[in-house]
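Presented below are the structures under discussion, each in the form of structure tokens.
Common to both upcoming complexes is chain A, partnered first by chain B, then by chain C.
Right after this comes the complex of A and B.
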């Protein structure tokens, strides 16, 4: 699973960087615009360890933000599956809010909370929360009549059982949605750091951008890609183990 | 007369002047439909596809609303409705699920039913691993273990072979003589042979929309009366 995802990343990254060097040599651009392969390599040797630490910092914020958003989406999804006014209100609000680009709210969060961990965490959570919520809402509000009927007929249905049935029946979809939203959490954290943070790989990229140092940005992207792939593989593996254990 | 016997006679389900049409449809599914189902007894609801058997069954079970007319059910009548596409939760073995949903005092019946329905060998499996026929039997078993007076079986044995179906019906009649069943099936022979009353449902443009035919109501003790059975089958076909 890991090697397949890493291969995929190496192929995409390789195609991207080859295209960049092709443009450089075809258009005869200077090293200042697009650095030479040797310069990129030397930069990688120089900053790899430091950038790896920064990526780990970003990744840890993204993971916490991701876990928080999964938790929130499940709680809100459970409430929203109610057929009462609160459930309807939550569903309408979720559909409307998710249509708004959350990144645009990021500056307000930085103004209110400063450029520390809280802002990064909040933006990361918000960016992956709404797509997650919509998918979880879809899963939890969709009855599985073939299974639920017996429990309803015999008066055994509880909200916990209803949630369990719906999650179990959609476990593959849920794992896919959670894995997919992990990338969003990483994107959210980097965007937050890129806008106004004082730590993380997004902050490092911002500095490299001010220095117009494309080599550093390419190295940062490489480490981000690898670490994100590893995180996604971990999530897929955990989902697979959970599914295997549950389904027997 | 004991209280139980008195209750047997008074327990009845009555449908009076039912009128219903699906929200998306212009045509009436039921027009002034009236019928009576007595308890106990193994009865059938018979009719061609699309005539409204499932809808009528669901109305009686209280699962469909928005109709005019009246369905009178004795207050003590515990009605259950089961259909052949139901599934058991996939996270547990069949035996664990059955143990979870069987009331403590019905545990001896669980063993008896699994034996007589031929599903003892399936108890260590998950529901998804069973054949369709085994799934039907497993689902019906769990309903029979519940507290009910009237069980609607909507093609509950549709995937079970004919011989096994016969055994199961006879077992149900033997094990639950005080209960009532409404068996929805497309098998004329089966309903004619085993059911006490066969309600033949027709389309809304025919009057009366439902006809009551007396079935052979055979048990495992009875010797088959072939001419009478053929006569009942003819009546059912004619009525439908």
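Right after this comes the complex of A and C.
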């Protein structure tokens, strides 16, 4: 699973970087616009370890933010599945709030929380929380009539059982949604670091941009891609194990 | 499935390259330079007063040129746009020019817009006293890591033999909250732009402000200049000359105190978020930074002068801080008009 993910990433990254180099040489652009392969290599040798540490910093924040948002989305999803006023309100709020661009809200968060860990965590959570919530809402508000009908008729239906049934019946979809939102958590953390934080790979990319150093950005993108692929594989593996356990 | 991917990869590469190359637009070597695209360094504000004045008062049209002035921004790089053929002229800071030259970019400097770098550090004299550079010791100094303020501050500390471990650097962005809260003693700011706005706000709150000016401390780091490509200069020397003349004459007019009201109106038209009361202050400071040769009557004609010594000093600072790996002999890239 891991080697397939990495292989896919290498193909995509390779196509991207080869295209860039092709454009550079076809249009005869200087190393200032697009760095030469040698410059990218030398930059990689120079910054790889430092950038890897920065990516791990970002990834750790993204994972915590992701876990938080999964937890919050499930809790809110359970409440919002109710057909009461609170449920409807939560659904409408979720649809509306996710329409706000996070880059517009982020500066306010940084003013309130500073440029430390809390802001990065909150922004990472916010970016993956709302799409997660909407998907989880979709799953938890959709009755599994065949099974639920039996428990309702026998008077044994509780809200916990209802949630369990719906999660169990949609476990593949749920794993896919959680895995998909992992990339959003990573993107959210990088966006936060890019805007105002003073740590992580987003911050490093920001500095490289100030220095007009595309070689550093290409190296950063490479390490981000590998790290995200590994995280996605871990999530898929955990989902697979969970599914196997549930299905006996 | 594997065969499908094998076919898809080269196809995707071809499509990507066609899109990318076509989006690169016309190269500068093409026969036509009409209309001319002029990419500024930042958004429309007082630092582009002369450029806007040229547009409003038909300076380019009188030279037979059609010029689109495009605002810049944090992610815009005029030199890259010049090379990609999306712009014919642009505004770039000296560090951008020197970095670009060090990487083989065929860029030429035409006009030096600012004779004194507007980048200074704002501080509150009630909280800190800065009478000489030595007073920076043990202060919390805001710098944009990777930005030219970092280069300037490091050069300054080096010049006055202040160890970097004797000051505390604070990473800054666009949010001034740490300065307002007093977490940072000195905050980098453009003296002719945000400084007026922030200063007014603080003074209204009875919080006096002062500025630490690296230029006064002997650090001459060149700021914004107008640039083009060597190819443009070689293939269209007349266009370059006309453009430069139009721009310089417009800037001189814009800095002329007799045109103050009209200039404020022009800048406010492009920068409606800044009030005319603020722009009038910004304009005064911009005049002092672009024409610091005594009064306007005597100094106006020297607008745009390329300060070779300052360029060399800027190159040396970047070399000493290893921002470039070898000397670029920047004087070869400065186009001095008679």
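Quick note on the criterion: the second predicted complex is superposed on the first by the 248 of 248 C-alpha atoms of A that agree within 3 Å, B and C clash if a C-alpha of one lies under 4 Å from a C-alpha of the other, contacts with A are read in each partner's own complex, and residues count from 1 in each chain.
The rule we apply is simple: a residue touches a chain if its C-beta (ideal position, glycine included) is under 8 Å from a C-beta of that chain, and two chains touch if they have at least 3 such contacts.
If you're wondering where the values come from, they're calculated on a predicted model, not measured in any experiment.
Chemist: Taking chain A as the common reference for superposition, should the pair chain B and chain C be classed as clashing or as fitting?
Modeler: By the criteria stated at the top, chain C and chain B fit after superposition, with no clash.
Chemist: So, A:146: does it touch chain B (first), chain C (second), both, or neither?
Modeler: The first partner, chain B, only.
Chemist: With the two complexes superposed on chain A, say which partner A:85 touches: chain B (first), chain C (second), both, or neither.
Modeler: After superposition on chain A, A:85 lies in contact with neither partner.
Chemist: Check whether chain B or chain C contacts more residues of chain A in the superposed model.
Modeler: C
Chemist: With the two complexes superposed on chain A, say which partner A:101 touches: chain B (first), chain C (second), both, or neither.
Modeler: In the superposition, A:101 contacts neither chain B nor chain C.
Chemist: Using centres of C-alpha atoms, tell me the angle at chain A that chain B and chain C span after the overlay, to the nearest 10°.
Modeler: Computed from the C-alpha centres, it is 150 degrees.
Chemist: Between chain B and chain C, once the two complexes are placed on the common chain, what is the minimum CA to CA distance in Å?
Modeler: 31
Chemist: Which residues of chain A touch chain B in the complex?
Modeler: 146-147, 149-150, 153-154, 156, 164-165, 168-169, 246-248
Chemist: Under the definition above, what is the set of chain C residues touching chain A in their complex?
Modeler: My answer: residues 9, 12-13, 16-17, 20-21, 24, 27, 75, 77, 79-80, 83-84, 96, 99-100, 103-106, 144-147, 171, 173-175, 177, 323.
Chemist: In the complex of these two chains, what residues of chain A are touching chain C?
Modeler: Touch residues, chain A against chain C: 11, 15-16, 18-19, 22-23, 26-27, 29-33, 35, 107, 110-111, 115, 195-196, 198, 203, 206-212.
Chemist: In the complex formed with chain A, which residues of chain B make contact?
Modeler: On the chain B side, the touching residues are 61, 80-83, 85-91, 93, 101, 126, 139, 142-143, 146.
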